[in-house]
């Protein structure tokens, strides 16, 4: 109750003192500790932090795939579970996770089938997103006939095929080369601007985080917690060459410092 | 025979007019076409190219995991199969591919057991490589209890644990943040200098490719072929800040141009 | 077709062993008969005798083959002396039972995977049900079903069902639970209904388990039908042939019924294997 | 016509020729009956079928019927077409058994279907232990065939005069190779193949009438079979749906069966009943002498 | 009538109790209590039906009678248990499972054998036991050896099929890894393919537990010394001592469930990594 009032009125996702402990055979792991964060409608939030700091876990908590052991979280003012039931999420997993018995087209069609889109609509959307991720022509192939990057793109396409208000993307562009990555970054920004989606985005690339985000969340491990939240001063319209501006470099520098602080060496 | 003479006398891996066609239900895919390349002993060769251009396939051919449909390839003067039987390779797969029934420690120990290292030696090496990839303390965890990046690091550790002359690494650092990545880049360079291994390395990061390699191979897709081979002018000793030198930036530029040429857009 | 030579080799080896065993097992009888007639058998005589006894301990392959030929090809298939007639009676009951068992097993597996109460309570009793020696309660089942007016094919099929649903339950519970965490999580993020989760994820992932279980269930089902034929009064079917053969010590008849039963089971299992290959291939899984 | 079904104690063979003959020759039809004959087998307890409503009349042996009655099954003997017992113990002469005095140290195989009871009481009378101890015999359960005897897993085996004995002969042994002990001769015989129904049916006059007609027609069938053994055997063969029986065996069996039914008009001999019940009790299968386990009602009416 | 109503009431009550129990946090106590409640409900319904419909005890005795007989005959039941389960079923199970694993491995190792042995093996294993039982008794004698032989044949097929399927269950990348180590056949087998096959193998092992028990009991119907569960069941049916028959069945059910449970426990320990064992909370 008390927390609600703290949250901005526009908050789509609002976490208060979240904690999550995994019990394992040899002692428990504190994956999240005391995490508080507000994500507003239309925000593009990047999460960055050393491997194992709890980024994936946090995204999973938002999507109601993991239950926090302490603290509170609301999505659109309701619990993550209710939001999930309202099909508020598109989720791109860290591993592609395509169903091996479905073709690429079939995999992308899957959520559409589940959400009851018409056949024509399904076909239309599948071909649109395949085009977006440059996989036209691979619709009939099976996942194991695709390269690693192609599988990852298929999995992005799958999450973009339907209209979720909130996009949760876990290192979606990790296995892509710079050129495709730039291209998809642009496409994603465009989609975001056009549809006003709220996006939570995990990445390891500092330039990518800075280029895409309105807000950058830096995390550090053991226990996983938020060490810095940086509001980006960059305008919403971002040509690729904004990456050479001093503002950009300054933000990037701040992120790098935050990241470095979370590491043991140096 | 005739090809042999063409290859440099030091050539560890020598490919001549390699081609590989995957037959699939809806037409065949030409994953490699007319690929010729020499890799000399002690080379650090990076492969870079758009997703789906055949990098993984080429690495797999070198490791005798895939049989070319045309052309020839020799490794250490013999066929890849013989080289494989002689345990010439350490291979880091694009996906971590840990065995779920073994702990992290057990997974790293696996090749050591197979190759008949003594128990003491096994333990010593496991703890050394775990340290190298900063996973000490996770030895007793099971793969599904680790984050994506941690799994990837475990798989790198597994390939580094034994002494193979040739290291084949398929996007080993894709899921790691910049700091860990820089750290592992340094470590890998050091290992390479110390042991004189020959390394074939797939990456999507241009700076990484330039920073690490003595030779950068740029590939382009459909059909997968080599479009450029860049010999690095950088010295073998490379501090991290070499990345700000003009030579470095120039090589990076050339790579980026080569990469761009292989893409449809722009 | 590549398997013709290997199969022939193995079959050849089995026949060689078989003929040898026939000599070995039937020799005491041959010696007895000879001794009563105050004769001593030479080796060729012994071999000839052991391969041609009327009621041998182990009939020689050719004796079984001749019997099979006589009863399969040599009789009109509507005749009670035709093995085809009896095989069909058994096969029809076991096919029906197999279908019923597969459906029941599937339904139970569904319940166990989706219903917590069933998961915790049913499995131990399903297991217990399988430890009941069917031969002991088959007569009671037949009697009860008879009393409520069911006779003929159905009671036998029920026993087949009883034996065949179990492998399906065990395999399908495992199969339906085999999708990994991420695959299930995806379904959750799309808020797929249970039906959708089932048809689009759990069912496809369970296919390798399903076919393996079905093969075992088919074999079990045939056993069930044969068992079911004993207490229906040994009227007809391969079970009745086995029984009658055993009462009159007609080992050749027993063996030919056995071979027939095995051939039926093997054919049915092979058919399922074929289905498996086709389906898994279409699913891109093989 | 009235429907009536008969549950046999064993598979279709000449042992039940009378019923098949009655059906085939139209004797049942003459009595306005439509009779269904259900073959049995080792896994069929006719009592269960009778009580479960699957049959109206059953063929059973007296010891097992008495045991069932004591266990709470209200069954009653209504007719006894078999006057004598066909049970005997057959031994191979080569084992050196010529009289009961030679039994000790040998293995006797018997069916455990109630058939072991007379054997146990016989051994009791002879004073032999049956647990294989010194000076006693070993009793081994065997199945309904003669393989264990032929293969020398047992030295003596239970056989029926009309069936298993001839299987031994068919196997190539001659009567000279064998020593037989007929239960009739040893004074341990019990009544076989009687007809039984439930008390409930006997309380219903309409049912009684049906039963009377059934017994009358069945006895007519039996007498016809006795007179025309070969024809009866043919009829049995036609009714064997397993297609496994042989003509030679069935004809011979019919001949032997005729010797057992000979002299019975269907009416139960009370003295034989008494003796059988006593032997059953000695064997421990029942604990008290039965009451009301038979009725002359049906045969009295049928034979008039 | 009263009995029938009571039966329905007990059924409803038992189910409600179980729903409540299952809804509570999972603990050893609840996971034991739920099946027990379920079973007790079944037993009470049975009793009510037998009494309510006045079913003759020679058709189906009430559980109370079975219980009384069980308590009165523990000596006989134990003797039979040792003869059938320990001597017959267990030894046959072990031999049969080892044989099936062996043949599966042979078939896996040698393509020639796979092509030749598997079809023939399937054929032989499809021989119905009831037919084999008399033959085994003829060959191996009346005692437990012939029972063990039947059990061997019975458990063979399910385990063979499952093992062959399981040995193909490893993933391509997992196998490729072994190739890069130039691991030989046996190393790959022990380090990769057998572990990956374990979920399937245990499937077969579990199904085989109940088959072993049935096989041993049924085989005794076809000849046995005068002890053993199958012997007792078949002779007691002949004597219409159905309470003893059901007491033996009860022993079989308990033994079978314990056997299955033991294998399932081992399975849990061995295949803890498989998604079906790593249950979500």
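The first chain written gets the first letter, and so on, giving A, B, C, D and E; residue counts start at 1 in each chain.
The rule is short, and it goes like this: contacts are C-beta pairs under 8 Å (C-beta built on N, C-alpha and C of every residue); 3 or more make two chains touch, one makes a residue touch a chain.
Bear in mind that the values here come from a model prediction, so they are computed numbers and not experimental data.
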Going only through chains that touch each other, what is the minimum step count from chain A to chain C?
-> 1
Which chains are shared contacts of chain A and chain E?
-> B, C
With respect to inter-chain C-beta contacts, which pair, C-E or C-D, contains the greater number?
-> C-E
From the Cα centroids, identify the chain that ends up most central relative to all protein Cα atoms.
-> E
If you average the CA atoms of chain A and of chain D, how far apart do the two points sit, in angstrom?
-> 84
Calculate how many whole Å lie between the centre of chain B and the centre of chain E, each centre taken as the average of the chain's C-alpha atoms.
-> 50
Give, as an integer number of Å, the spacing between the C-alpha centres of chain E and chain D.
-> 38
When you check chain E against every other chain, which residues touch at least two of them?
-> 59, 134, 138, 221, 234, 237, 274, 278
Two or more partner chains touched - positions in chain A = 95, 144
Enumerate the residues of chain D that touch no fewer than two other chains.
-> 42-43, 45, 48, 52, 143, 147, 151
Where do chains touch, given as pairs?
-> A-B, A-C, B-E, C-D, C-E, D-E
Chain C residues touching chain D in their complex are 28-29, 33, 36, 54-55, 57, 79-82, 85-86, 135, 138-140, 143-144, 146-147, 230-231, 233-236, 240-241, 243-250, 253
Chain A-facing residues of chain C, complex = 182-183, 185-193, 196, 200-201, 204-205, 207, 283-285
Chain A contacts chain B in the complex at 22, 24-26, 29, 48-52, 55-57, 94-95, 134, 140-141, 145-150, 152-153, 170-171, 174-181, 183, 204-206, 256, 259-260, 263-265
Under the touch definition given earlier, write down the residues of chain D that touch chain E in their complex.
-> 42-43, 45, 47-48, 51-52, 64, 67-68, 71-73, 112-114, 139-143, 147-148, 151, 153, 285
Complex contacts: residues of chain C adjacent to chain E = 2-3, 5-11, 14, 25, 57, 116-117, 119-125, 127-137, 139-140, 143-144, 166-167, 170-171, 173-174, 177-181, 184, 208-209, 212-213, 215-216, 219, 222-223, 226-227, 230, 238-239, 242, 246, 251, 254, 257-258, 261-266, 269-270
